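One chain, chain A, links the two complexes that follow: it is found with chain B in the first and with chain C in the second.
== the complex of A and B ==
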């Protein structure tokens, strides 16, 4: 797979702060991959997302060093409007993702397509498809400002998916959702990946991260501690020292290992629980 | 499409009507002419089935303003033709005429625009302005400002609740409520300023500044009457000007 996003030695600090929020970040995101950015609060995850989407330096000024390339072209050569067609961004806070100019969910979802100048009949078709995909058809005539947090999060996701960008940057999509809603949203994200989209996800729930991601980028105090395939990262000693929570199944397995239980491999997904234990004389 | 003869008019036809009334009462100095617009506007409001809310809004807002303006003019406008007196105040004929003239114009213009906003959906009006060349940024500012008001009210209630949990008294006498004003207002203003930038980013995430022509699902149609009426307004205004200048 070819790299669609490349960061080389990127550092950034906000205009009102002296501290560098990102320090010498170099990473590569392959086209069509599902990459999760993990790290503790304040590690620079959201700032990195803002850089990947071009909001830094277009909106947040500050000092930005290093080079950022999108599809081999320097990000600075793109207009912000052009980036909107290529990269979709779902915010952590769905309350600010509502445009504020549309009075129904249908119109809200269609808004991005209207801005892109998509033909009217295509807009209707695409919005219908996405409403059905995200399971919010029943909200179509509701005012977006009257929705609950979870409903807004789905509308926010639908509003971005409908624009069909090549890359989706999604910042904590489950922050307002219940477990069933979360699972559903992740199924949609997985579907987007199957359709060839590049997914960049920020998420604290490590069970979900391990379940869906191809690769992990571990951030700590603004630096990339590690980047690699999900299993490789979770099994590494570096991750162990990063003080980030493991997926629950991994935590349980590590605890059992400490108590002498032998493992074939370290499970990172719930589905691996039955195969990870060594068959030691019939004591599976 | 709406079948009501008033509501189904194009937003600009309604807007031009409010402008027409404004210009006409400026051209014609007679207060009876200006006052005569009010019953006409009530009839239009009744045809649009908004008479009740229209009159109620005028009674709640405009009438107080008109009363203050009238009394100020009647008692304080300089004049020599005294027609009555009360305590230290003198009621002059000039003041009375000035009061009637001013209030008649305020009533005509104010009620014309109040009716306009009663019979036009803001999104239709903004779309109409966009169709005649208003930039999308301007359209966004108007629409989002109007949409955001109920959202700010909700936020203000949340802040109020939060301050209550911190021990700030928000209910009681006027002084108690005045004391609670700043602890409530400051976070509301600060959060509104912060959300302005967030909203700009939200717009960009929806390709607001994408190059090329935008599509609009919301369409307005102009019927023959919408093409004729503005010219009727212009014709009447020209007639009034000729009447004022030459006759």
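== the complex of A and C ==
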């Protein structure tokens, strides 16, 4: 797979503040892959998202060093509008994503397409399809501001998916959702990947991260500690030093290992709990 | 010491939408309670009735001796503190310390107590080092701790946390755990709405499950996460440990990581198979 986004030795600090939020970040996102950015709060995840979607340097100024390429072309050569068509961004906080200029969920989801000048009947078709995909058809006439946090999170996701961007940057899409709703959002994201989209996700729920991601990027204090296939990263000693939550099944297995139980392999998904133990019990 | 008592409480929004129906509930002073359930089940409405932000359409909410209908929200807030789901609905100062000080000062505490309790609350919420920062320059998860600090600084007997676990990392979740333990030591009642089932099983004994605007279960964790009808009706997912235990065919009731580890270790080291 070819790289769709490449960062080479990127450092950044915001206009106010002396501290470098990102330090010497180099990474590569392959076209069509599902990559999760993990790290504790304050490690620079949201800032990295802002760079990956071109919001830095196009909107936020500040000091930016290093090179950022999108599809082989330097990010600074794109217009913000062009970036908006290629990269969709779902905000961490659904309370701020809602535009505030539309009275119904339907119009809110249609808003971006209207701005692009898409023909009216196409807008209807695309919005209806996305409302059904995200399971919010029943909310279509509701005012976005009367929705619960979880419902707003779905509307936020729908209004980005409807734009059909090549790359989706999604910052904690399920923080306000119940467990079933969360799983549903991950299923939608998986579907987007199946449609050939590149997915870049920030998420704390490691059970789901391990279940769905091809690759992980581990951030710690503004630096990339590691990037690699999900299993490789979770098995590594380096991940262990970052004090990030493991998937629950991995946590249980690591504890057993510490207490002398031998494992065939380190499980990272729930279903692997039944096969990770040696049949002889490891009691040599 | 303040007991909370809901008697057959229903609430209908002005547009006619029923938000909660026939809630009956008693929460003794000093108890830790988790409220779980799907989005839209009525959890936030239920807690807003407890602190008088909403008044019941029918039924009665008693905070200690007070019927919430006969008191102002400001009066009730001296007994029941509520931390909003969205911190941005709550924060209105441009400095963390002023935000946290506002509550206790407003409660009429003298300067010394205000100072002391403000510092204590910021310390407990891990935000002392940001005292002079603008809350809006801080990440969402830290802003949430600013709002928690400003409510616990009001020293009410009952504290309600609406989705404090949302967006928290490992460090944030551990801090919340410590906070709950501290508040329990002080005899506070803490009512927490959360979607994090692992957090629930690690930190709460008593759980209230809401579904379709009603309370459908009010019980111990072990009785809830192994009750298939309750899980199905509320569309909840069992916590990770219960999921693993059931994949392994272990007996019902295992909920804590340590229990699961002990169980597996015994089986495996004794040469038995896990399945």
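As a working rule, the second predicted complex is superposed on the first by the 280 of 284 C-alpha atoms of A that agree within 3 Å, B and C clash if a C-alpha of one lies under 4 Å from a C-alpha of the other, contacts with A are read in each partner's own complex, and residues count from 1 in each chain.
Heads up, the rule we're going with is that a residue touches a chain if its C-beta (ideal position, glycine included) is under 8 Å from a C-beta of that chain, and two chains touch if they have at least 3 such contacts.
Note that the structure is predicted; figures quoted are calculated from it, not measured.
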Does chain B (first) or chain C (second) touch A:182, or do both, or does neither?
second
Would you check which partner chain A:274 touches, where first means chain B only, second means chain C only, and both and neither mean what they say?
second
With the two structures laid over each other on chain A, which partner does A:117 touch: chain B (first), chain C (second), both, or neither?
first
Which superposed partner A:160 touches (first chain B, second chain C, both, neither)
first
A:148 in the overlay: touching chain B, chain C, both, or neither? Say first, second, both or neither.
second
So, A:79: does it touch chain B (first), chain C (second), both, or neither?
first
Scan A:107 for contacts with chain B and chain C and give back first, second, both or neither.
first
Overlapping contact positions on chain A, where the chain C interface meets the chain B interface:
93, 96
Can you list the chain C residues touching chain A in their complex?
37-40, 44, 85-86, 88-89, 139-142, 163, 166-173, 195, 197-198, 235-237, 240-241, 243-244, 247-248, 257, 260-261, 264-265, 267-275
Under the stated contact criterion, what part of chain B meets chain A in this complex?
123, 139-140, 143-144, 147-148, 150-151, 195, 197-218
Which part of chain A faces chain C closely enough to touch in the complex?
39-42, 46, 92-93, 95-96, 148-151, 172, 175-183, 204, 207, 243-245, 248-249, 251-252, 255-256, 259-261, 270-271, 273-274, 277, 279-283
For chain A, which residues are in contact with chain B within the complex?
53, 55, 58-59, 79-82, 84-85, 88-89, 91, 93, 96-101, 103, 107, 110-120, 123-124, 145, 159-160, 163
